[in-house]
Amino acid sequence: MQEIAWTITLVLMLVIIATFVFVVLNSGQVAEYEPVKKRFYSVRTGLFWVLAVGFVVVMLSSYQGMPYAAQHRSENPIGTQVIDVEGFQWYWKLSSNEVKANQPVVFNVTSGDANHGFAIYDESLTLLAQTQAMPGYINKLEYVFKEPGTYKILCLEYCGMAHHSMVSAIEVVAE
Amino acid sequence: MSRSILFFVLFLYLLSYSIIGQWFEVSMVRHVLIQIPCLVLAGYLFGRKSLINNRFLILINDKGLAGILMCIFIGGYWMLPRALDAALAGSNMALVKYISLPFFVGIPLAISWQRIHPIARAVIKIEFLTMLFRLGWLYLVSPNRLCNFYQLNEQIILGKCFLIIATSLSLYWILQLFAEDYREQETLKKNNLYDQASS
Amino acid sequence: MSSSISVIHPNLSAGARKTLLTYLAISAVVFLLMMVFGASMRYEQSEWLGMGPQYFYQIMTAHGIGMIGIVGLAASAVMWFFLSRHVQLSTPILVANLVFFLIGVVLILGAIFIGGFAAAWTFLYPLPAMGKGVWGNHAAASYLVGLLLIGVGFLLLYLDTARGIMKKYGNLGKALGWPQLFFNSQDEAPPSAVIASTMVLIVNIAGIAAGAVVLVLSLVNLYMPSYELDPLLVKNLIYFFGHVFINAAIYQAVIAVYEILPLYTNRPWKPTKVFILSWTLSTLMVMSVYPHHLLMDFAMPKWALIMGQIISYMSGFPVLVVTAIGALTLIYRSGIKWDVTSRLLILSMLGWACGVIPAIVDGTISVNNVMHNTLWVPGHFHIYLLLGLLPMLFGFMYYLVQSNGNKVGAVDDVAFWFYLVGGMGFVTMFLLSGKESIPRRWAAHLSEWVPYDRIASVFATLVVIGALVFAYRFLTRLSRINIATS
Amino acid sequence: MNRYSLISTTLVLIISAAVWWQGTSGFKAFTSEAARRIDVLEYPRKLSGLDFENQTFENINFSDYKGKVVLLDFIYTSCPDICYALGFSFKSIKAELEEAGLQEQIQIVNITFNLEQDTPERLSAYVQRYTSDHDMWHGLRLKDPGQLKQLLSDFGVVVIPNEHGGFDHNAAIHILDKEGRLVGIHDYQSQQQIVAQIREQISATVL
């Protein structure tokens, strides 16, 4: 996911930069304003429609990827592993530190004091999923671990002096 | 015309005071949202009708400063839960309430509102709105009863009322900013006092 | 080369001129100081400094609130300068805002550097009350009161702009150009400075009101902890207020681009229907897009989050389709006169347009799930602010410095390139770090992440050098600024 | 601004400051409950000598508790919520004081204001919820219902019936010193403060 986001961002930003460079390089010669305006405004109309179509496509395709399913269903499907997570200044309290691979896990995330951010990282330190940990609320984060191994839990919401050392781990074992 | 307004003022005052005063005061919502506003309104209407051109009041109330401060501080005092309790506990404070709200809040408001700087007027309006939001929110989250004489659930209803009033009032004022034409109003009020203040 | 660019203000009083220049001089100094703070955070993460987490988080808090406050101040000076050409504004209120601002700054600095307050500029409830011995309730209260005072100052300023605008244009709808947009009015539309200022005063008065509610309630909670607030509601209000305020700063500063770029290209930039429409839509979107900061709060109503994503996408339209293309149209084959001012202003358009992309990407819920609160986020807003907003403000300062015949040297051109290269490298490292899942707001980084921090630190140094020249030039040329009356 | 307005503005400010100072006990109490608490802290309050009976039908007067620090609250036995919280708070304070070996020095008292329903038997059952020590923990009712008004006004407690057949009343823990004077009123949640004041009162010498 990060790779895709990074690539799309880089490409689109380069397109914008290239457009600016092109216009700046062509700024010296003086031309009548009205024809330039006409030409650019037709480009503008074109751009609008391209963006509008892109907008609808992305909006529809991204609907599937939203992580809110567990939050809004009344009961977890049979076989779901449930872990209660509570964040404190500055440690995590997990009801269990071991889960099975390839079976959905639902983390019921909350906080005992300030706001925290519950984030799951894999062994190569790639962020896999996250949710906020907030006092008085339970955020339900569902995740399916594909590979056995040791996964890290990092805090992703600033919570005071030792925010950066608020790290824990989860052991994922084979089925 | 003027007589009917004075009758209306008297009516509001008696409405708040007489036997029905009791009926207002047994409920926190009626006490805060009907009786107190009625008392202020009675003073306000009387002030607008009879005192707005009073030479002496104009002299001691330059730019409306003294009056608006009195209105804010004394009015603010009656927003304290403790003041409500006091008005119910002993007859002295009840009398103070019936006198202070019309005379020290309503009348000063009437004679000062048009005289203060328009920016100050806007600040007071916004501060009044945010105060309603804050009070409403506080009344909703307070774990304790703020008034010894009223139940917790009444306090919660009052909190909700505050939020509803604040929301409607802000919508109304926002709409006003888009619907009216203030150019015309400015020319109409050309000879009014506060225009000089803004220059 | 054509003759020099004219700086004209038909009715700027001596008092207002002095106050505006004071605004900008203070801004130049604070920009520089806050950039040094920012760079020092990257140095600390590079393991080149050993300040430790306590100072790091204090500096982080100061950098955040300091930058937000000071760009608000500088941008309002830009707005005031151009708006007061069209409507009558009050100089005493301009001064009052500065006084409130400075008192607020003293309280905030005291809270942070004497009281040890370090709850980040966002002061998310209930962190301010949970200093754990590092800071106490009084420090937190000093911070909140300081912020409240700054809010009061800005409120006065925007109420005055509202009064001035309504007095001349009738009401806010007319000042936004609605008669031209909806009713085909043939009257000339209000100038862009008026349209932009109207948008800004609407959103900022709403934002400040929300801020005032949440600040006072946070204060009540500090001293009476039994009044527990709803953390999610508080978060909504804080992000509403913060998002609106920082966005409004850009929308104020962009007036400089609308007003100055036409002078460099000899082409008019008049509000068209599309322009008016995009500003009206921006008014609504700036106020409703803030839930994209809450996408990882699963407890939020789902519709609000989906709305957050949709409006994030839509917010890009006016910037990309209207403002950026408008600027490019103005420049293309115009024979534009190149100097530091025009370069900075065009950089600002580039930065604003580019910032849209990573913002939209992060505003996509499925991406946000792996990007939120990584360095991607400071990446996107540093593009907006470091490459968009600040160049507008520095550009405006250079516009004044180069006023009516004054010239600057070659060192300013070099500084521009330092700033450009440094800034681009710096924000790219943020985005790259975000892609590598590095969290934001961490005082110490894992060893895997340090190389990224070091490259970023080098770029940060370039930016600071560039900004140092900009600030130095403005401060040393203050007395020579020459604003003509016609 | 003319001279007269300057004078009137100054007057308004002075009067307003006085009203607010007086009305909030020096900007410390914004509710009457807070005012009551500050008042007893500054001026320990003498209580009338009223006659009670406890859950074991003993006649009790506050003077019987002389030499002990008394923790006291107002209840009615069918109270569904707040009285429970108060009770558990007492229990936990009691445990803390027992750990410190101070149980001989204190007396816990629940006074009912629902004289129609709360008989000594019901009070006994009420106390039994929290302890079986019926000496250290008393449930009291007034013998003469006519004295209820006096009792409540001594303490500054207001009781209002609600629509569920229960009552709303001040939820607070009161502390009487060894002389039987009211010296402290606290939220039931602030156990630390309560224990601190009890320790202070225990170590205070009786004149």
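Here the chain labels run A, B, C and D in written order, and each chain numbers its own residues starting at 1.
What we mean here is this: a residue touches a chain if its C-beta (ideal position, glycine included) is under 8 Å from a C-beta of that chain, and two chains touch if they have at least 3 such contacts.
Just so it is clear, the structure is predicted and the values come from calculations on it, not from any experiment.
Visitor: If you tally the C-beta contacts for A-C and for B-C, which one comes out higher?
Guide: Most C-beta pairs in contact, of the two: A-C.
Visitor: Taking each chain's centre as the mean position of its Cα atoms, how many Å separate chain A from chain C?
Guide: Chain centres of chain A and chain C, defined by C-alpha means, are spaced 25 Å apart.
Visitor: State, to the nearest whole Å, the distance from the C-alpha centre of chain A to the C-alpha centre of chain B.
Guide: 49
Visitor: Taking the mean of the CA coordinates per chain, how far is chain B from chain C in Å?
Guide: That pair's centroid distance is 38 Å.
Visitor: How many angstrom lie between the CA centroids of chain C and chain D, rounded to a whole number?
Guide: Averaging C-alpha atoms per chain gives centres 54 Å apart.
Visitor: Quick one: which residues in chain A touch 2 or more of the other chains?
Guide: In chain A, no residue touches two or more other chains.
Visitor: Which positions in chain C are in touch with at least two other chains?
Guide: In chain C, the residues touching two or more other chains are 226, 230.
Visitor: Which positions in chain D touch two or more other chains at once?
Guide: If we look for residues of chain D contacting two or more partner chains, we find 187.
Visitor: Chains as vertices, touching pairs as edges: which of line, ring, star, complete or other describes this one?
Guide: Looks like a simple chain-to-chain line, open at both ends.
Visitor: Strictly by the criterion at the top, what is the full list of touching chain pairs?
Guide: By the stated definition, chains touch in these pairs: A-C, B-C, B-D.
Visitor: If you look only at chain C, which of its residues touch chain A in the complex?
Guide: The touching residues are 53-54, 57, 118-120, 122, 124, 126-127, 130-132, 134, 230-232, 235, 267, 296-299, 302, 305-306, 309-310, 313-314, 316-317, 320-322, 324-325, 328-329, 331-336, 346, 349-350, 353-354, 357-358, 361-362, 364-367, 369-374, 376, 431-432, 434-437, 439, 441-446, 448.
Visitor: Under the definition above, what is the set of chain D residues touching chain B in their complex?
Guide: For chain D paired with chain B, touching residues are 1-2, 4-5, 7-9, 11-13, 15-16, 19-20, 23-24, 29-35, 158, 160, 162, 168, 170-171, 187.
Visitor: Using the touch rule from the top, collect the residues of chain B that touch chain D in their complex.
Guide: 59-63, 65-66, 69-70, 73-74, 77, 80-83, 85-86, 89, 144-153
Visitor: Show which residues of chain A lie in contact with chain C when the two form their complex.
Guide: Spelled out, the residues of chain A in touch with chain C are 1-3, 5-6, 8-9, 12-13, 16-17, 19-20, 23-24, 26-31, 33, 36-37, 40-41, 43-44, 47-48, 51, 55, 58-59, 62, 64-68, 70-72, 89, 113-115, 117, 119, 121, 125-132, 134-141, 154-165.
Visitor: Name, in rising order, each residue of chain C that touches chain B in their complex.
Guide: Interface residues on the chain C side: 90, 93, 155-156, 159-160, 162-163, 166-174, 205, 209, 212-213, 216-217, 220, 226-230.
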